[in-house]
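One structure is given below, represented as structure tokens, and several questions about it will come after.
When the chains are written out, they are named A, B, C, D, E and F in that same order, and each has its own residue count from 1.
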Amino acid sequence: MLPLPLLDDWIRAALREDLGTGDVTTEILIPQDRKGRAFFLAKEPFLVAGLDVSVRVFELLCCDFVCLSRVRDGDAVQKGSTLLEMEGPLRTLLSGERVSLNILQHLSGVATLTRRFVEAVEGTGARVLDTRKTLPGLRALEKYAVRVGGGFNHRSSLSEGILIKENHIRACGSIGEAIRNAREQAPHCLRVEVEATTLEEVRQALEAGAETILLDNMSVENIRSAVRLAQGTARLEVSGGVTLENVRAVAETGVDWISVGRLTHSAPGVDVSMLVR
Amino acid sequence: MLPLPLLDDWIRAALREDLGTGDVTTEILIPQDRKGRAFFLAKEPFLVAGLDVSVRVFELLCCDFVCLSRVRDGDAVQKGSTLLEMEGPLRTLLSGERVSLNILQHLSGVATLTRRFVEAVEGTGARVLDTRKTLPGLRALEKYAVRVGGGFNHRSSLSEGILIKENHIRACGSIGEAIRNAREQAPHCLRVEVEATTLEEVRQALEAGAETILLDNMSVENIRSAVRLAQGTARLEVSGGVTLENVRAVAETGVDWISVGRLTHSAPGVDVSMLVR
Amino acid sequence: MLPLPLLDDWIRAALREDLGTGDVTTEILIPQDRKGRAFFLAKEPFLVAGLDVSVRVFELLCCDFVCLSRVRDGDAVQKGSTLLEMEGPLRTLLSGERVSLNILQHLSGVATLTRRFVEAVEGTGARVLDTRKTLPGLRALEKYAVRVGGGFNHRSSLSEGILIKENHIRACGSIGEAIRNAREQAPHCLRVEVEATTLEEVRQALEAGAETILLDNMSVENIRSAVRLAQGTARLEVSGGVTLENVRAVAETGVDWISVGRLTHSAPGVDVSMLVR
Amino acid sequence: MLPLPLLDDWIRAALREDLGTGDVTTEILIPQDRKGRAFFLAKEPFLVAGLDVSVRVFELLCCDFVCLSRVRDGDAVQKGSTLLEMEGPLRTLLSGERVSLNILQHLSGVATLTRRFVEAVEGTGARVLDTRKTLPGLRALEKYAVRVGGGFNHRSSLSEGILIKENHIRACGSIGEAIRNAREQAPHCLRVEVEATTLEEVRQALEAGAETILLDNMSVENIRSAVRLAQGTARLEVSGGVTLENVRAVAETGVDWISVGRLTHSAPGVDVSMLVR
Amino acid sequence: MLPLPLLDDWIRAALREDLGTGDVTTEILIPQDRKGRAFFLAKEPFLVAGLDVSVRVFELLCCDFVCLSRVRDGDAVQKGSTLLEMEGPLRTLLSGERVSLNILQHLSGVATLTRRFVEAVEGTGARVLDTRKTLPGLRALEKYAVRVGGGFNHRSSLSEGILIKENHIRACGSIGEAIRNAREQAPHCLRVEVEATTLEEVRQALEAGAETILLDNMSVENIRSAVRLAQGTARLEVSGGVTLENVRAVAETGVDWISVGRLTHSAPGVDVSMLVR
Amino acid sequence: MLPLPLLDDWIRAALREDLGTGDVTTEILIPQDRKGRAFFLAKEPFLVAGLDVSVRVFELLCCDFVCLSRVRDGDAVQKGSTLLEMEGPLRTLLSGERVSLNILQHLSGVATLTRRFVEAVEGTGARVLDTRKTLPGLRALEKYAVRVGGGFNHRSSLSEGILIKENHIRACGSIGEAIRNAREQAPHCLRVEVEATTLEEVRQALEAGAETILLDNMSVENIRSAVRLAQGTARLEVSGGVTLENVRAVAETGVDWISVGRLTHSAPGVDVSMLVR
């Protein structure tokens, strides 16, 4: 993840989005010098991610603010657990509450779902990856949450990896040609991965010397065949249609990576709330 | 929703996030002057939302681009339906694909889930509302998607409505005092809503002349009692713990509005993909 | 008003506007380590508004800076009063002076003019409101200054209230239709206000059950008739052509609110200057 | 003035400020495809400034928009004159109205006031200048409006001119020393101007070979003496306390420039409105 | 390179930097409606890079502008060659000239220097790489220019490749440990490269199974030994102290890549000017 | 130079450019709580410029950071000199290293080259000036570095000086007309300079009362003649084709200023590196 200060503009934008022209209710009803003490409470069990960002929200609203974290990113909390204790101006606590919780509930949601996938494949040697199917503006944070949950990151942007898809192959004439061109031209820091949708394409990719092959939307049976074909020469990633129900079966085929779009685009938010005293 | 051109900066930021320093694979493998023809296809049934934003992504990448929408926001599409047909430089189509789909899959997901809640309460007279539990940076778009799905918007920011919560009440001494202060000070364009967690608080709010009361996390039975108490004097919103399973029971109590955080914080993305020819 | 840190970008932009590529005179003539002591002095009587923003200007230029406020926003100062005492690098004091004063002179000007209108209607029960006729980029600050002067805020943006104007009515067919549509569709946190330019329109609005009516550019006599018509059923706002000369006559008709564009678009700046020792 | 496209970000920010999360009333009541025809009308006589920026507001909201300017910046219009005719989506016309008018009313206000000062000194040879007492964020536009009104611009930022003030002089020891240092170090494109508050200081400045002297808050009599002292060797600017009442007397002393802060910080907005048909 | 529209903000910032508050000379002396015809001329031989960005500068200032490119990026031009012909408002041509030329002279400078290095190693099989030693804000454009010159890009940011340096090794205990950790944790799209400063470290890296080794500041002799050691198992990059004088000797050792910081941090600008008729 | 805090956005943008989505290598290999001690070392002799900006890079990444400067801007350092000592989180030191060094190496490069030109003209009375041939986004910093090197700044933007070029003259009809117009219309804070390419034009400019004349690309002989022509009436700037080889000859003609584009567009970066212990 980027160092926190580099996220300040993003957090401030989130605050402006929620505050609009100001928290009218709080400005009217809460005296400016009233202090408060707030707690973030888990209302269901989950895996914590995003705590630092969540605290930073309040720090950016007000300097006169003290926070004590009771847990850390990566901790599993139970229903009723206290995550944070904070003291500061009551207005700041109330005005920053929603943005802080919105970040925490989403990132913890991503981490929690990731952890479930990771546990589902435990012992198989397969790794759970995220994808670029993220929510616009949130990618860096979501990818961080995936790591917190025990998953691994696929490329974070189109410049952080070479992935040759069907359309690229068609434009080049053949898988072999596409792989050769990519290897020839790509920055040497990036690996070249190629997508295959059939076993025939897997074969062509292997012949062309592919280092990594993405098996796109294949049946478990075909994946198993691909593993046999590739053994010892290329590493395999499975992508498409992977759920908590079928992920173990996929993992047991012996593939190296399983990428799961829903880790980021469909993770339900966790239930967390702020209590003020 | 804001006029599309006011969203351009947001869309460009999403593109920069996904492109990083550039789409290496496509730059290497696709000739600059190659044209392409792409289709957005629904891979499951859903309610469409965000199509204009989705198209704008490509328009901001390249002027030489033609698009034909086959459906409109608010249309229900079936598995296999074509949403868009586009023609333009193949590089642009491939480089803009993911950002465009990410927007469409999320907004359509929000609209689709909203529609399910709206259908669940059909005929009861209750309206489904969103909340401020949105993903940072996406609120305006998510709230638009809720409207597309047939839901209504709660306040979009803290400056677009007065909502007196427990902490505000405590700082004022009593519900009555809080309502009076809010009415006295609030801009006259905003209504004053007050939160109640018990029937006793509902009574106090009614005595204080509350116009709108938010029933926070109450049982269906208590909601029914609150409806009886409020009849004719205040309008009621239910919030907290509402699911597709219990929403109809809540609606049949006769409340006016039911607000549902998961419309925005937990809506699964729909399955939509781009096919290039 | 937004929490001060959320205004930092705006203040920094103001500083860049005034500094251009740097304060050449000061860089050439003032040694870098020279300290200074500066005072903000009122050169005429006025109502202070914007002091915190004014101080923030210097804080954003330099950390090594101490400031003592002698007055607070909302205080009336006399000619010769000291508003602030500051100590810090002389270069910072000289380079930040103009931006800081420009903010203070404008916001205090708005507050001072507002106060005069508020005093003019004292005892009548009418409230003085601002409008959206503000200077681009300054709305939030100007609306804050109006509150400091004892006025109240009309909506801060088009999303913070429903106001049905002549053109909206024409598009809907009738006042009644427009009000019904607005009520049906508007977020429940927002009140619906409708504009009327004749007594006949006031009657139609009342029949349609209007809650709030804006009387646009009416004569005092007509306003008085409208008050009689509305009694007990709708609240009334007067807008258009209100001056310090006629505002009391308007207020004595018994209307609830009087909105005054010139509070923000034509408030003369107050005379305030910085003295360095 | 900067080329219009370089102002787009500023205009878009003004639009976001006014739209908030959207023009709720218009979205609800005006059908998306309704077209409209609007006119900008002068409701009092004034000098027009800012018309291009005013039109750009609508262009940035919507491409499908046609505008016919009936007057140009610098034209004097009468009560009832039509400034612009526009055709486009009715929603765009209504949603952009206020921002567009706010810009036009302020810039025309500045130009109109400037023109009055310019007329007041006609025939004397003195020129009317603005100052850096502008509203934060609006300087470039306000300075443009001053030029439209026939005034001239003083420096637009601290980097566009050397002006030695009292505090600079004190830090250098003497007027002479300050002028020498400034000349020695300043970029050769910038003239060196020095402030004097007494005739004695004028003498010292002249002895030190000052090219331009700013007479700060002097009586007309003293200004006259300064003109006599300076004859032929330095050019003189008068600043401080200049009003429409005394500006001619000041001008007739023979000074070269008269700078007037109120041109920008206290110009009342002109009365202009939009009529839709 | 990013699609041109994603660079617009950067270009506009460059224009604001050069225009300040406006091109005073041109606004005063050139009538607004005067048209002009301008030519970009090479005043020395060089390799062209950045032409599109250079043209975009004028397009962002004014729509009414026609441009004809006579050459393309990657073309070698002679002294006196015409690069561009443009027609448009004379003010736009004069005000945009410097920014446009500044971009072109720098990027062409980078491409030209790169080409010289590329020619120097011709036939050896070694490739010339850039580094992260770029000028802040210009990296993407400079890396593009390197490609135009026939060079290849090393990672464009710290997230686009794993490079284990001395400090990383020390924190891990040994080269082997560092390589293992990196492989274990790094996104699978990124290759792992490790820096070695001695032949002993090269040996350790090879034993640890290093895929790519960066030989940091080694003598040609040591590089030759490293090539012998690595043969067939790892690919080698040379970095540090490479000049046009010694680059061929380095290349002839048989290394794969030679990275050269001066391509971007020290490339002299080429001589190009604009002629207006 | 602008006060450091006004440069923070620029520095943060530079950091984002270099970090991409994060320093993967360092995050993987360096424990979060590891502290480090780093030194900036000169690897060749140079003149230091930009140290404060260089340090600010680390301060913006992390608050928990202590830095001790061993030299100051303007100091000449030897090969092996320590410039800075820093202590803080090792991750911060490693992740900020490149951006910090990139700034320092470029600004010191500009200052060092400037110093060589300044030394070359020592004793002649001529001053070395920069130009607007700077790298986009870096002008303010580069111009600061020129001052550190003992040079002087020409205008920093088109609004900080009047410079009448050939095209302006042609549009006005004659040098005399152009000078008269410029004087008549230009802000009085700015001097008017006019470009001449022949002695005939110098004569015309002198006749028209030019205050400053820029001799564009003239031979040393012609420059000498121009000096004789101008003696006592106008000051002269030489521009075009000035190198370290010919600058002294030019200076000895007696001109006032010599402007040198290569100070900024072609200064080689100095060799400086960071050592961590």
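Quick note on the criterion: a residue touches a chain if its C-beta (ideal position, glycine included) is under 8 Å from a C-beta of that chain, and two chains touch if they have at least 3 such contacts.
Small disclaimer: the values here were computed from a predicted structure and weren't measured.
Contact with subunit A and subunit E alike is made by B, C, D, F.
Remark: rotation between subunit B and subunit D after Cα superposition is 120° (nearest 5). Set against the Cα centre of subunit C, the chain with the most distant centre is E. Interface residue usage between subunit C and subunit D, two copies of one sequence, is largely shared: over half of the residue numbers at the contact are used by both copies. Per-chain Cα centroids separate subunit D from subunit F by 32 Å. Distance from the subunit A centre to the subunit D centre is 51 Å, each centre being the mean of its Cα atoms. Centre-to-centre, using mean CA coordinates, subunit A is 44 Å away from subunit F. Counting partners per residue, subunit B has 19-22, 95, 139-140, 156-157, 159-163, 187, 190 as the residues that reach two or more other chains. Taken as a contact graph, the chains are fully connected, with every chain touching every other chain. Chain contact summary for the complex, subunit A toward subunit B: residues 10, 13-14, 17-26, 28-31, 34, 36, 90, 94-95, 98-99, 101-103, 105-106, 109, 132-140, 156-168, 171-172, 178, 181-182, 185-187, 190, 261-262, 265-266, 268-269, 276. Residues 1-3, 5-6, 9, 139-140, 143, 156-157, 159-160 of subunit A touch subunit F in their complex.
On subunit D, the positions that touch subunit F within their shared complex are 129, 152-157, 159-163, 187-191, 193, 212, 235, 237, 256-257. Subunit E makes touch with subunit D in their complex at residues 12, 15-16, 19-22, 27, 60-62, 92, 95. Partner subunit C is touched in their complex by these residues of subunit E: 20-21.
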